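Sharing a structure, written as structure tokens. Questions coming.
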Amino acid sequence: MIRCLSYSQGEIVSISPNTITEKINNKNLLWVDLENPTDSEIKILSDVFKFHPLTIEDCLHRKQRSKVENYKDYYFIVMNVFKGRKLEEEFRISEIFLFVSQNYIVTVHWGNMEVVNTVYEKAKSAANIFERGIDFLLYNLADEIIDDYFPIVDEVGNKIDEIEAEIFEKESKEIQSKIFLLKKNMLKLRKIITAQREVLNTLLRHDFVIIKEENKLYFMDVYDHIMRLFDFIDTYYDLLTGTLDLYMSYISNRMNGVMKTLTIIATIIMPLTLITGIYGMNFKNMPELNTEYGYFVTLAVMGIIAFAEILYFKRKGWW
Amino acid sequence: MIRCLSYSQGEIVSISPNTITEKINNKNLLWVDLENPTDSEIKILSDVFKFHPLTIEDCLHRKQRSKVENYKDYYFIVMNVFKGRKLEEEFRISEIFLFVSQNYIVTVHWGNMEVVNTVYEKAKSAANIFERGIDFLLYNLADEIIDDYFPIVDEVGNKIDEIEAEIFEKESKEIQSKIFLLKKNMLKLRKIITAQREVLNTLLRHDFVIIKEENKLYFMDVYDHIMRLFDFIDTYYDLLTGTLDLYMSYISNRMNGVMKTLTIIATIIMPLTLITGIYGMNFKNMPELNTEYGYFVTLAVMGIIAFAEILYFKRKGWW
Amino acid sequence: MIRCLSYSQGEIVSISPNTITEKINNKNLLWVDLENPTDSEIKILSDVFKFHPLTIEDCLHRKQRSKVENYKDYYFIVMNVFKGRKLEEEFRISEIFLFVSQNYIVTVHWGNMEVVNTVYEKAKSAANIFERGIDFLLYNLADEIIDDYFPIVDEVGNKIDEIEAEIFEKESKEIQSKIFLLKKNMLKLRKIITAQREVLNTLLRHDFVIIKEENKLYFMDVYDHIMRLFDFIDTYYDLLTGTLDLYMSYISNRMNGVMKTLTIIATIIMPLTLITGIYGMNFKNMPELNTEYGYFVTLAVMGIIAFAEILYFKRKGWW
Amino acid sequence: MIRCLSYSQGEIVSISPNTITEKINNKNLLWVDLENPTDSEIKILSDVFKFHPLTIEDCLHRKQRSKVENYKDYYFIVMNVFKGRKLEEEFRISEIFLFVSQNYIVTVHWGNMEVVNTVYEKAKSAANIFERGIDFLLYNLADEIIDDYFPIVDEVGNKIDEIEAEIFEKESKEIQSKIFLLKKNMLKLRKIITAQREVLNTLLRHDFVIIKEENKLYFMDVYDHIMRLFDFIDTYYDLLTGTLDLYMSYISNRMNGVMKTLTIIATIIMPLTLITGIYGMNFKNMPELNTEYGYFVTLAVMGIIAFAEILYFKRKGWW
Amino acid sequence: MIRCLSYSQGEIVSISPNTITEKINNKNLLWVDLENPTDSEIKILSDVFKFHPLTIEDCLHRKQRSKVENYKDYYFIVMNVFKGRKLEEEFRISEIFLFVSQNYIVTVHWGNMEVVNTVYEKAKSAANIFERGIDFLLYNLADEIIDDYFPIVDEVGNKIDEIEAEIFEKESKEIQSKIFLLKKNMLKLRKIITAQREVLNTLLRHDFVIIKEENKLYFMDVYDHIMRLFDFIDTYYDLLTGTLDLYMSYISNRMNGVMKTLTIIATIIMPLTLITGIYGMNFKNMPELNTEYGYFVTLAVMGIIAFAEILYFKRKGWW
């Protein structure tokens, strides 16, 4: 699907892809959005815009890193956008490919992207975005993409608190799996945000001519948001490591408690059972068996032994 | 709540917000403090001072990182201030937003801040702060904010010593939780201080025109305090990791002790019990049972076995 | 084995090694490929091309790191190529040595290399590679070499998912060995890719005269692929560490379950066995033995004790 | 306590604090040492030398990091000196504050410092230090301070070897505590040395006018000693971590041995005891009991079972 | 022991130490090698060569780090050479001290050094080293020193494979000690190589006048070898950590197996023993004892209980 917006002298119109060349020649500002482009739609990139084959190849191959590449007439930008956003699963990430020059932005993406739709509607309905230039439109896209990461990161914070509370309640292999999944997702997110930051760094460099000095502040704001994301991700990653350590040490502690119970019971009972075994033997000549109070003395001795052992364990702090 | 201080020719007066524009035009030095500003009070930022909408937005959204941003007529500075300061809880951090130009400082913060009040009283009562310029006022604020971190960091040092002593006394899941909370807080603090240091770094750069050469020394002193904070936090974080390791290895050691006790008792008693079991069987034809000293020989054999085992354990160093 | 391609005015011909000097003097473009060169073939490097003895020595000694060295008339480049590519074994890596000048590439390698063959066939059949210069031929080699790493890295991703699923199913020392081997291979790969990246970095530097400005984009594309490899390798390495932790904590958990079962059974049964031991003693005077319901009372008491213990374990959450 | 050395034309004299101003005016070289200065002695810093209040404040507040600060007429240097030097305790560190100009050094420190005394005596008795300038005096102090760290670091090396030997001999919580204390001290030392290195780095910078080119070599030598300290500390820290791991794995190994002993004994004895239990039952109708060789057959069966189990354990490598 | 080589116009002669000054004045090229120099031989450094006292001091004090220092007429270089080279022991490292100018190299070392002897013989027998200048002689020394590290590093690689194979065979504290020693040695080596690399870096800097442009390639080759050493050491260090983890997890696994055996046996046998205990009691009134098939029913019940437990363990995957 292709959709195009053209802006000239305060007026925004949706145009047909066929009139793109004409509008470019008229120095109109253009946004051409290709969603799930067909092979013939992809051809516009090479035939109408004459983009470099390497960049078109990148659009067709998925799993690209965020980056900025400087071509003769345009910049080629790749940014990563969230697709699967459930904490209980592995994050799924998609790419948006942007061709940016002074007069147009061409966006290519596979699958419907809410962040693109949002900005598209904003740009279509109000002239104040195009008015401030293509760079301001680019800012709107970048801002929307980055702000889209915050809700999920906030959720991670809550999830960690939940897990922490769970640790002392139940004991299940699920806790470890949950922590592992969250760490996995934080690692994935960190790689993406790192690449994204490099993109913003490039955009903010002085030799990046497309962004006007007056609009640079807006890109700095996006950069600042990225830095905040980093802080969250780093802290959460470290917290998750800490949480796993806490859980493991809690398990260790419980095991210790279990072992102590076993040891106490066994070391108290076993000697007593030995005594009963001795007087359960069938030797003919066992003088104690025939004494009047042998049984009661034996019970008393067993009580004393048990009592002494309990005392010993108390001293050792095991009870 | 708004409060304003105006300084001109050695005289400090509290003024009404309505006269701010007049005072600015008269080249007076001004400090405008907005605590929990109402919507109409916030309007002063855009209407009177004409601050950039991005900066005003930052003031309204919380959880900002410390940073310095360079706008046309002013610098926008964010610094983090301690709010919740109890070691037993997660640290709570708030922000102070500063708009700084050659002639005024505007501070915005949510919630009453002791560090601001302290400097406000000092600036109001004695002319020697305003006299040395707006940059010296900024120094006073920065110094107060940073020095406010030291008491809590010192407390952490004491807490670690406490925990270390506790390790060999009792054994509870609390120790791990305590260490975990402290590590969490150290991580949080480190992030904040890192951002704060970047702020000071920016202020000390040569192109930062607002700070006069003669006052730079004071900002270097604040920077030095931040570096000391870093040293403490890093050391404490590493010590906490070490303390957890110590605790875990102590737990391991104890478990070892418990297991050895169990093993010694069981391996001594069980063979003896087996012997008593044998002579407790009811077979008709068991010649030993009818010998005169069978019982005593058996007791002696059991004693010898027990003794041999004890000897064996002594040799192995288990006893 | 030596094979040579010579290009001049749109025509590509396979030539004999004896005519190399002639072709060089005619300013033809040349690719000389030495596969498992014999001693006399190696001599071409020193006698015909006059390469520096240090570079020839490198060709003869294996296990070189990727690097670029700047000699007077040519660049000496080493790149690492995959040889053993099975995930179940340790990766085996070989080297390709490239001597690159404006007019020729000389490649030296030990063992048949598919990536070289692929490019050789491409260069031989179509003039469009030589046409764009020696640097474009170099790009084709570098691109082929780097892209050759992707399939194996993708496989690692699948393998990790497999291992993760295996963890909760069976318990074997193989899982650890598998993870260990994968980590080992990721470490090895990372070293190689790091060196490879340095090579690309050098090629992309402005003072690297052989690569024409118009072809630099292609080398940037290779660089980008290397960066993606890095992302994969780093993520996988960290995931493997996480997987091992998950496995170890799962083992810990199971051990805990085993110990609890033992403790529960032992602490319930042992006291009951003691009681049976007591009434199994052969003392003459044991009044309880002669009561009518002694046996049934004893059984009831044993039932109550067992029940109380089960209740206690339920409370402790062990059951 | 104040003591002053004044040097002029080859002559060194101890002077009274009252004549400092006079000597400075005469371009004499001066060393003023303040040990545990009283309030009135501290006044000399502000009244006679006119030092900046921020530097004087630093002298009064302890726990400063090593640093160099550039004031108009002088440099303010802080260095850390060892106080408590016993390996069995936490290291205690003190500060020496140095005010250095072309013509004088003022040193301030709390508590008697041997390293200062040593240099003071050397400077007093032989003119060859003052002769080479104030910077050579500064070198002597820095060299003495840094060299003072070596004996303790050497001791740590020996201590680690001791601990390593201890590991396989006895098993005590002390080993962990010892390692923990050493790691703690290494961490502390590392922080201090890092700051100290920054000081030397600053002194060696080309814009540091006080140090003459010919004396720079001496400061480079001090720098080299600091780098050697770093090497030792880093290596020892890593070794200590390794030692703890070794100890922990040794403990694990022992626990394993203990558990195996228990398991072997229990799994051999328990089935035999069960058999004796069966033939110890008092059922009327138990045909085996009345056979002539029932007892001996039972003993033989028990022997065979025990032997089979031992064989099984041998196979599993547990015995 | 002193030995001197003097080169002039294609001729190499061994000269007496007394003629050094004369040869230097004649612009001869010189190599003076001091092995275990006596006090009077050391004097040559100060009296004949006028070396700076700081450098001579370094020669006398051992345990120096590799470094390059720039003195007025010469460079002072320290490099580390292997002495103890057995993997089973801690590596022992010695130093070689080099004074290098345009016309001479003076080498000082304690203990006979094979690498020095090798180069000495080469330089003495063939003029082609001196011919290319003192810098080429320096290269020969550096190359020999660095190449001397490779055999031991290769051995480490084999040792790791050996240890890995051993892990699944026997279980001994030796494995941990072996890994620990290897890690220790890798750490030590890494420090040394790091310093060595800095030395090469300095030699390769453009302001290092002694090395002629044409010979720089040779030093780059040494640098490349150092980088390869780094790769090996880093990889081996990480592998050793991985090997230890593998061993520890293997131990864990075995412990788990041991515990499961114990638990299975105990939980099967103990209830059966309880039953035999019950029917071994001597109560007068125990109706079951007098039934005809009581004994056989009891045996059958015991069999059923055992079978049920085995089934349960199979289900839990413990068997």
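Assorted remarks:
Should a chain be cited, it is by its letter among A, B, C, D and E, assigned in written order, with residues numbered from 1 in that chain.
Simple rule for what comes next: a residue touches a chain if its C-beta (ideal position, glycine included) is under 8 Å from a C-beta of that chain, and two chains touch if they have at least 3 such contacts.
None of the values given here were measured: they were computed from a predicted structure.
Looking at the partners of chain B and chain E together, the chains they share are D. Listing every chain that touches chain A and chain D alike gives B.
Of all residue numbers used at the contact between chain B and chain D, under half are used by both chains, marking a mostly different-residue interface. Rounded to whole angstrom units, the spacing between the C-alpha centres of chain C and chain E is 24. Chain C and chain D have centres, each the mean of its CA atoms, that are 39 Å apart. Of all residues in chain D, those that touch two or more other chains are 252, 255, 259, 262, 266, 270, 273, 277, 280-282, 286. Taken chain by chain, the contacts form a single closed ring in which each chain touches exactly two others. Order of chains round the ring, counted from chain A and going first to chain B: A, B, D, E, C. Those residues of chain E that touch chain D in the complex are listed here as 52, 54, 63-65, 67, 69, 71, 170-171, 173, 176-177, 180, 183-184, 187-188, 191, 195, 244, 247-248, 251-252, 254-255, 258-259, 261-262, 265-266, 269-270, 272-273, 276-277, 279-282, 286, 288-295, 298-299.
The residues of chain D lying in touch with chain E in their complex are 168, 217-218, 220-221, 224, 227-228, 231, 234-235, 238-239, 242-243, 245-246, 249-250, 252-253, 255-256, 259-260, 262-263, 266-267, 270-271, 273-274, 277-278, 280-286, 317-318.
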